[in-house]
Amino acid sequence: MSTVLFYILGFTALAATLMCITRRNPVHAVIYLVNAFFALALLFYLLGAPLVAAWEVIIYAGAIMVLFLFIIMMLELAPMHTPAGPGWKRWGPVAALSLILLCCTILMVAVDTGSSQSVPFFYVSPRVFGTVLFKKYPLAVQVVSFQLLFAAVGAYYVGRSERLADREDKS
Amino acid sequence: MIVPMSHILAFSGAMFFMGFACVLAQRNLIMILIGVEVMLNAVGLTLVGASALWGQVDGQIFVIFLMAMTSAEVSISLAMVVYLHRRSKTLEADAFSGMKG
Amino acid sequence: MNLEPITFPWLTLLIVLPLLAAALSLVLRKHPVFSRWLALGITLAVLAITIGIFIVADGRGGWLLYEDYPWIASFGIRYTLGLDGISLLLVLLTAFTQVLAILISWHRKYQMAVFYSMLLFMEAGIMGVFLSLDLFLFYLFWEVMLIPMFFLIGVWGHERRVYAAVKFFIFTMAGSLLMLLAIIALYLLHGQQTGDYSFALAALKNTSIPPALEPWLYAAFVLAFAVKVPLVPLHTWLPDAHTEAPTAGSLDLAGLLLKTGLYGLIRIAFPLFPEMAAASLPLLAAFALFGIFYAAWIAYAQIDAKRLIAYSSVAHVGFMVLGLCAWNVTAMEGSILLMFSHGITTGALFLMMGMIHHRTESREIGRLGGIWGKAPVLSAFFLFFALASLGLPGLNNFVGEILILLGAFHANPLWGALAMGGVVFAAAYMLRLVQGVIWGPSEGRTEEITWTDLHPRELLILAPLAVLVLWIGLYPETFLAPIREPVRNLLEGASLVAMKGGLP
Amino acid sequence: MNPNLLFIIPLLPLAAAVVNAVAGQFLPRRLSEGIAVGAVGFSTIATLLLWPLVDAEGVRAELYTWIASGDLRIPVEIVFDPLSASMTLMVVFVSTLIHLYAVGYMREERDYARFFALLNLFVFAMLTIVLADNLLLLFLGWEGVGFCSYALIGYWYREKKNADAGRKAFLVTRTGDVFLGIALLWLFSLTGTLSITGINQAAFDFGSGTLLLLTLLLLAGACGKSAQLPLMTWLPDAMAGPTPVSALIHAATMVTAGVYLLARLFPLVSLSSTGMAVIAAIGAASALYAASCAVAQREIKKVLAYSTMSQVGFMFLAIGVGAVGAAMFHLFTHAFFKALLFMGAGCAIHLTGENDIFRMGGLGRRAPLVFWTFLAGALCLAGAPLTSGFFSKDAILLATFAGGGVFQRILWGVAAATALLTVFYTFRLVYLVFAGSPRAAGEAHRLPGVMRWTLPPLAVLALAGGLLNLPVAWGGSGVLNSFLGRFAGREIHASHALEWGLAGLATLLFVLGWLLARLRYRPFPEERISPARDFLLRGWEADRLVSAVIVRPFTSLARILWQRGDRKGIDGFLEGTGHLLMAMGEGLRRATTGRLHSYLGGFAWGLIALLGWMLLRYAF
């Protein structure tokens, strides 16, 4: 049952991603991507990572994609303003390149005997997750939180200097 | 779950290269960023799969770190997208070649 | 290594004195007159110390002075200085030359204090090269002496100074980087074999090097030194550098910098790789012989007098390298003596060209001529040094050359016979120079300007040089005695720190 | 007597040279001249006083060790044996007279200090050659002579021609010196010593090939200094110097150095019969060549220059046939009469202000003293019976003839022909300069007494010089030969009848040559220009040959090496490398477009390569 679900979800995610990356309208692309992320979140759940699945929905589908939408709207990249997307001339070689790379990867995976074994269901409860996270990686948690702080400050700085620049332009 | 690891890897690989193709093919900065997001998520899938395969929590933990880093990256890069759009009224990636040698 | 350090660090003084003076004169660059007298005083003091050592040493062999302190202990780098007869001669030459360099630049206008500071820096660097027995220290000084020279040529040189300075820098730098690689390789090899990570020359001598690696390391050292020597075909930086450098710079280049390359061969490359050295001697000799003729031939075609003298230097170092290659006592002693002699004669010729250029603002052989009628004393000195340079018996170069020739002939009759032929070439270009500068009708620049013969300061510069020329030419024993034992040790491959000298 | 006193002989001129060089300009002229002449004069006196020291084995004196290194030890050592003693006496005596003459000749020169310093140095260098018992010390003198000739020939440096002549002399002789130098290196390598005595003793052990090569090298060295074929081109040009210098170079010092060197090393040289034959052949060829050139010369000093070359050729011939005694005999007599001739020629030039003999004439009546003394010298040169030249030349012809073989007979024939030519050109000179009516247009000078009165003593010596070595057949006892003893070379075995016969033939040749010259030049001849004469005038075009074969290729090759080899080749290669690197940098600069996609594309291709490589590693 879960195996079948896995394949269904997997192909859904791939299809959504494919649609996402080929859209010319970024709003559409974001919507498809949200779709893909939902599928992915379910995949995570199937693989025994409920916490990651939840965060995938909350952070990616929820926060980040909304952020994208905000920006798209803020910059008024509405459909009529959308720049012409790449044509086949551009997609052709890129697709070929990507396919070659994918084939290489799959070949490598195929020849590696170790990867043919089945993945057991390995459930990680939030309790275990939290314990390992804070016991084993306290330093990494610190570093990542600082990273987030810096990102916030940085984003603020970039935005602020923009306003200053605007003011300078007007004066 | 009776999925072989290779299939998980194949899925994530396919997703990764879709994102990769997006980054290469699209000219719009927003779309490029979206491609990057796709690639990152593909990596997340691999990590979770590996975590399940070896029965270790660490893989999932790294997905969390990955998400945190991604949100940091996205906030900065979107701020810069805004900045750049304000400056040159375009989001064409090729319009920004200030690093030309 | 278990020698007791001598109580007073005379050798360190030789390096530190000029270094301090250089720094001081750089700081006080608003007071050029002060820095001039400071430079003169310090160089004279250094000269006095070296002469003192020379007199006290009295031709004794072994290490006359030796200093050894740990420096960067974690890498096994030590501050090891040692003075034996060979370095003594070269240190003496350095101290002496530098006094003249200061004196000849007495009235330089542009950034005088910095100029003197550069000269002093260079003195420190060259002294360090001649004294250090730790390869790391050696390399450090090797680079230190490069930098002031670069500025001397690049800032105070003649028309094409930047080109010449950059060329000089790239050539020597390319060589010395190779040497650095080889030094580090040796250091690591020695460390892995013995567990004693050390840069000391005496220790590295005992490293057993894998046969596959040995030629490469040796080649790196020899290449670095051959560029500095310079051995044809690595010589093309030299004519440009010599020609474009200010007089003091040419003097230092010809008198000292070239000697550092030869000294490196004697002190480092040959003792470190005795078997490789023995195998490569015929090849080096072939290059040297080729250089003698090639450079002399080219010298003959020169229009610029300074360039002619520069090429004559290349021919002379060909003789010196040949002397080293003959690998016997006579030739080796001749080679070292010729190093000393060449510093004096070629230095003197450059000084004189500087004086003539100062008066006429021309170095072109075709535009000078007939100076004898205008300034006989100057011309007489010029003739005298030119004769010394072409190897007239009784003057200094002859002694070195004949010893080299005798030794080379003994080692391989063909070398000696061919090199003897180089003597005619030397006469050809030197006489052309003399002919173009002091004989002939006085026309062109010679006629346009009002001449003053040598003034006292110039006489003060040239007279000691002339005395030395005659001294070495007629009684070379004074200068042969100190190198006798070091040369024997070198040839017998004796340990570098075998004997303790004996100075109070 | 202390042998160390011998050092006075060479050191006196040296001291005078140093004084004149350093302080000469500040000294009063008389003092400067006095020092120069006095030094050489005292040297002569010292030689005479020290004469008793001479013994057959030679007296040695060592001053100090000049160079010591390894097995090499070069002492400053001189040897006073019959050979060097007699040579020394000749050198200092003739030099004294020449110095005296020079005082008069250079009366109007302002740069006298340089002149006298160099002149004294010249004498010192020559004495070093003569007295040295060490080849390296000899080499010092050898090169010193070369330098002094260079500086003296180019004494009037303001004219490029003179300076060039000096340079030519130095370079050509130095080419010879190289061969001597190689011989020196070889001898040291073979024997471990450079002592002439030691080398002569060790020579018996050398192989024949070695001996031949060594002899040829020494010969080449000697040829350079003595202006023999093929290194003779400098000598005619050397006439650019002041006349006393010419006299010094030709009569007493430089050109005889080569002969002396071979005489000194005769024990070594004589061991190689082929080498000896070459020496004789070179001598004879040079003699004939120079005599033929002398016949056509117009300048008085050039006639004498070629005659010197010719006479030195005779000396080489003598050495080549083993008659060192005869060679030295001719060397001495030649020194006397050639000095006399040059000084006489100097007087003639002074009196007429002309160099060209076709524009002189009539001097016989104007200056009888000069005429008679010059005539005395000319007679000696021509070999008039009973003069010194007659005896010395005869000795050489006899020695050659007595050699016996066909080769020697041919050499004898050449020498006899040369003798005839010698008579002819000598009398041509005498008739053109002294007979007829004055044709000079130049400015005449008054002749200082000191110039005139140095001539008679030499004239007497030249005429009576034959007594020095009067052959037994003439009732003499061969004083010089017996004095030289073992240095005199091989014994000549010839019957008195042969001697008388050859003497008669020589007389015949003399008369014939005289008559021919008288017939042709007694009445002043019209100048005739013919290609043959021009060919001889320019010394068989030797200068042009040397210029075409050596000088011009040398110069152009020098320029080619510089421009093509150094500039284009080495610098070009290095600068090319530099340009290549710059071009590569430029290419890289272009590759950095600043566009995101090109970077990402590169990233993708790199990824492909990486993956492919890993795949290959997996697969195989």
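The chains carry the letters A, B, C and D, assigned in the order they are written, with residues numbered from 1 in each.
Keep this in mind: a residue touches a chain if its C-beta (ideal position, glycine included) is under 8 Å from a C-beta of that chain, and two chains touch if they have at least 3 such contacts.
As the structure is a computational prediction, the values presented were derived from the model and not from experiment.
More contacting C-beta pairs link the chains of C-D than the other of the two pairs A-D and C-D.
Separation between the centroids of subunit A and subunit C, computed from CA atoms only, is 69 Å.
Between subunit B and subunit C, the centres computed from C-alpha atoms are 64 Å apart. For this pair, subunit A with subunit D, the centres built from the Cα atoms lie 101 Å apart. Rounded to whole angstrom, the centroid-to-centroid distance between subunit C and subunit D, based on C-alpha atoms, equals 38 Å.
Shown for subunit C are the residues in touch with two or more other chains, of which there are none. Contact with two or more other chains is made by residues 604 of subunit D. The set of subunit B residues touching two or more other chains comprises 20, 24, 27. Those chain pairs judged to touch are A-B, A-D, B-D, C-D. Listed in rising order, the residues of subunit D touching subunit C in the complex are 21, 25, 64-72, 111, 114, 136, 139-140, 142-144, 147, 150-151, 154, 157-160, 163-164, 167, 170-171, 174-175, 177-178, 181-182, 185-186, 188-189, 554-555, 557-559, 561-562, 565-566, 569-571, 574.
Every residue of subunit D that touches subunit B in the complex is listed here, in rising order: 588-597, 600-601, 604. Those residues of subunit A whose C-beta lies close enough to touch subunit B in the complex are 2-3, 6, 10, 13-14, 17-18, 20-21, 23, 26, 29-30, 33, 36-37, 40, 43-44, 46-49, 51-52, 55-56, 59-60, 63-64, 67-68, 71-72, 74-75, 77, 82-83, 85-86, 90-91, 94-95, 97-99, 101-102, 105-106, 109-110, 112, 114-122, 124, 128-129, 132-133, 136-137, 140, 144-145, 147-148, 150-152, 154-156, 158-159, 161-162, 165-166. Interface of subunit D with subunit A (complex): residues 604, 607-608, 611-612, 614-615, 618-619.
Across the complex, subunit A meets subunit D through its residues 97, 100-101, 104-105, 107-108, 111-112.
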